[in-house]
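Both of the next two complexes hold chain A, though its partner changes from chain B to chain C.
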Partner chain A sequence: MIKILKAGLETSVQDYPGRIGYWNQGFPPSGPMDSWSFRMANVLVGNAPGAAGFECQFLGPTLQFGEDTVIAITGADMTPAVDGEAVPLWQSLAVKAGQTLVLSGARVGARAYIAFAGGLANPEMLGSRSTFNKAGVGGIDGHSVKPGQELPLFQGDGTPGLKVPDNLRPQIRTDKTWDIEVCAGPNDDWIDEAGHERFLTSPWTLSAKSDRTGFRLEGPEWTFTQKATNKPREHGSLPSNIIDHGYPMGAINLAGQTPIILVNDGPSMGGFINPYTVPSCAFWKLGQSKPNETFKFKLVSVSEAQDLALQIAKRCVAENLVKA
Partner chain B sequence: MIYDQPRFMPAGDRYVLIEFGNEMNLDLNFLAQGLATAAANAEIGGVIETAPCFASLLVHYEPTQIGYDDVVREFLQLSAALGSSEDIELESRLFYLPALYLDPWTKACVDDYCAKIAKKAPDAELVVQENGLDNVEHLVRLHSSSEYWVASLGFWPGLPFLMALDPRARLTAPKYNPPRTNTPKGAIGLGGAANSIYPVATPGGYQIFARTPVPIWDPTGRQEVFEGSLCLFRPGDRIKFVPVTRDEYDACEAALNDGRYSYTVVEYQKFGVRNYKKWVSKLDKKTGAAA
Partner chain C sequence: MAKQLLSPLPGVFYRRPSPDEANFKNDGDAVAAGDTVGIVEAMKSFFPIEAEEAGVAIRFLVEDGAAIDAAQAIAEMD
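Let's turn to the complex of A and B:
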């Protein structure tokens, strides 16, 4: 059992890949934003890569262990400490019943992950333990954790003293700039040449008005082709309006002139175009970026993006771990 | 315009968007839902799920199991085998939902918007004006006369986008600008050519003029009629609003609170596009004769 002493800013139960199969009823997958770090944390404690653990955003929680277990902390550096003593990231650690784990503000990155041997055992909702905070679905009582809550664990079989080699970890940027892969489409033909050029060459600033539903970007104006300006009335009045259609996760959704990257808790459909889509291999970068940091977008093909995702998945296996 | 061939557009590393045309009409949604059903029946390895919208279908696939080109090829084949929309038959449940039209809660919400955000014509009156109806009673009669088709769900989980199946009840309305910051749970409204029901209290932009006491969203997952989901509807369902009095509305709410309410739903029906179109063309002839 894990007891929440302090909740942190927004700490939630997530599993991977999340709540899949309900897109046609409007349910997003949820799940960890940086699923690379998340999967590594699980692998370190002997779990399947997708087992339920915590995602801690910006400011981590304080937890007390109700039983002896093995844990691992990955992702953002929130200077974790057990009973006041600093503990390393990217390693499996034995903890004893009664000990307290404190995660502070993120020094590097934005989201830290905590995995427990066996995994969190809160009830599943629609096949997933992930929290969809906005709609109150999954997790504990549908929302991020609160002080006083106790979360059960499954029986686990973790080995302390394992670590993820440096070269298999995501390299979280410390210079506030990120190169984010994008694939063109589905609605790239609504943007003119100059608009594409501007999108791919300009720096974009991540707005503070960003959360697990969408990442708002600030940057230059968009310009459009005939398709956007000369279209049947039912598409809507703005150039970026289109007859409501399904949104892929990662869509760069153009709400008027504001691009919003739709992320894990985002909407399944709506009436704006998506000229580009951030593929799954780049989601860890979104998860580790902070407001006011800078994104530059790098065009990749669909098959390149698929290959990059496969390379990440291949890293997240127990065979790759070494002794600490 | 309906395209001769559906158009396939890549959407990142795991999705494909298939467009059937670039207008809002039921035919395009029948194609999208027909293809979604055909794909579910075909159980294509690596295809995780599909989500229909008004004129398109989003396909979610697992690239380690099926490549983009193969997804396109499989869905082109399924689409060719569907033939015209006339041949499409879809499982379609019919839900009867009690609705209190011109209810006090949506009225209070609109009054509040007028007082705090922007002045506007009351929603029911606005719909009456926009559609050349006689009065609000006419709106109630017309709006409750048609079955509504669940074209898709989104914006909020379980929020249905509804299209009137009876062409005589097809109304349109502008959306709020700026949007409302709140909408009563269960409010029924119209924006553009789509109707909707708000599953929970959320911001919104549709003109609202009725309310149902019956939940269409249940985060506890305990409602039997929701069949394991947290929301009542699936694409391809139909809804009929049954006008009730305030007393009936209150009685219904009391029954819900006591756990005595049972949803009225007809489950054995199939929706055949051919029969539907036959009926619509009969209506067209009648209207023509009357004019």
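Let's turn to the complex of A and C:
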């Protein structure tokens, strides 16, 4: 059992790949934003890569262990400490019943992950333990964790003293700039050539008005083709309006002139165009970026994006771990 | 020795509750324990930075609207 002493900032139970199969009914997949770090945390404690653990955002929680277990912390550096002693990231650690784990504000990156041997054992909802805050589904009571809650663990079989080698960890940027892969479409033909050129060559600033629903970007103007400016009235009045349609996860959704990347808890449909889509292989970068950091977008093909995602999955296996 | 006021989390720092209100504190003001000296915006939410202890002659080290890191000193006072 894990007891929540301090909640941190919207710390939530997530599993990977999350709540798959309900997008057509409006349920997003949820799950960890940086699933690379998340899967590595699980592998370190002997779990399947997708077992339920915590996602900690910006400001971490304080937890107390109700039993002896093995844990691993990955992703953002929230300067974790057990009973006041600093503990390393990217390693499996033995902890004892009664000990307290404190995660503070994120020094490097934005989201840290905590895995427990066995995994969190909250009930599944629609096939997943992931929390979808907006609908009050999954996690514990449907929402981010609260002080005083106790979360059960499955029986685990973790080995302390294992480590993820440096070259298999995501390289979280410390210079506040990120190169983010994008695939063209589905509505790239609504943007004119100058608009594409501007999107792919300009720096975009991540707004603080960003969360697990959408990542809001600030940057230059968008310009459009005839498809956007000369269209049947039922599409709506703005160039970026379109008759309501389905959105892919990762869509760069153009609300007027403001692009918003729809992320893990995002909407499944609406009436704006999506000129580009961030593929799943780049989501870890979104998850680790902070307000006012800069994104530059790099066009890749769908097959290149799939290959990058496969390379990440191949890294997240127990055979790759070494002794700490 | 000057006492530093640290941000608990990364985000965007603001010195006033909203754009058309006055600063929480101005350089030189006295601060009581528990006073809010600024707010940090992250994930569509605002988090107050409160003084843990009292002090005098606060001096801000960070501009309104600047991005800050966790544990960054946003002000100091005597």
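As a working rule, the second predicted complex is superposed on the first by the 324 of 324 C-alpha atoms of A that agree within 3 Å, B and C clash if a C-alpha of one lies under 4 Å from a C-alpha of the other, contacts with A are read in each partner's own complex, and residues count from 1 in each chain.
Criterion: contacts are C-beta pairs under 8 Å (C-beta built on N, C-alpha and C of every residue); 3 or more make two chains touch, one makes a residue touch a chain.
For clarity, every value in this text was computed on a predicted model and none was experimentally measured.
Aligning the two structures on chain A places chain B and chain C side by side, free of any clash.
Applying the stated contact rule after C-alpha superposition, one finds that A:D211 touches chain C and leaves chain B untouched.
Residue contacts after overlaying the shared chain place A:V70 against neither chain B nor chain C. Look at A:A110: by the touch rule set out above, it reaches chain C but stays clear of chain B. In the superposed pair of complexes, A:Q57 makes contact with chain C only, with no contact to chain B. With chain A as the corner point and C-alpha centres for all three chains, the angle toward chain B and chain C works out to 110 degrees, nearest 10. In the overlay built on the shared chain, the residue A:K290 is in contact with chain C alone; chain B does not reach it. Legend: residue contacts after superposition of the two complexes on their common chain; A:I172 is shown touching neither chain B nor chain C. Ranked by how many residues of chain A each touches, chain B and chain C are led by B. Overlay on chain A (Cα): least separation between chain B and chain C is 16 Å. Residue ranges of chain B in contact with chain A, taken from their complex: 1, 9-15, 17, 19, 22-24, 36, 48-58, 60, 63-64, 67-68, 152-159, 161, 192-194, 200, 219, 221, 228-231, 233-235. Partner chain C is touched in their complex by these residues of chain A: 9-10, 57-59, 78, 104-107, 110, 176, 208-212, 290-293. Interface of chain C with chain A (complex): residues 7-12, 41-45, 47, 67, 69-71. Chain A makes touch with chain B in their complex at residues 20-27, 125-126, 132, 135-137, 142, 183-187, 231-232, 234-236, 243-251, 267-270, 274, 277-281, 302-303, 305-306, 309-310, 313.
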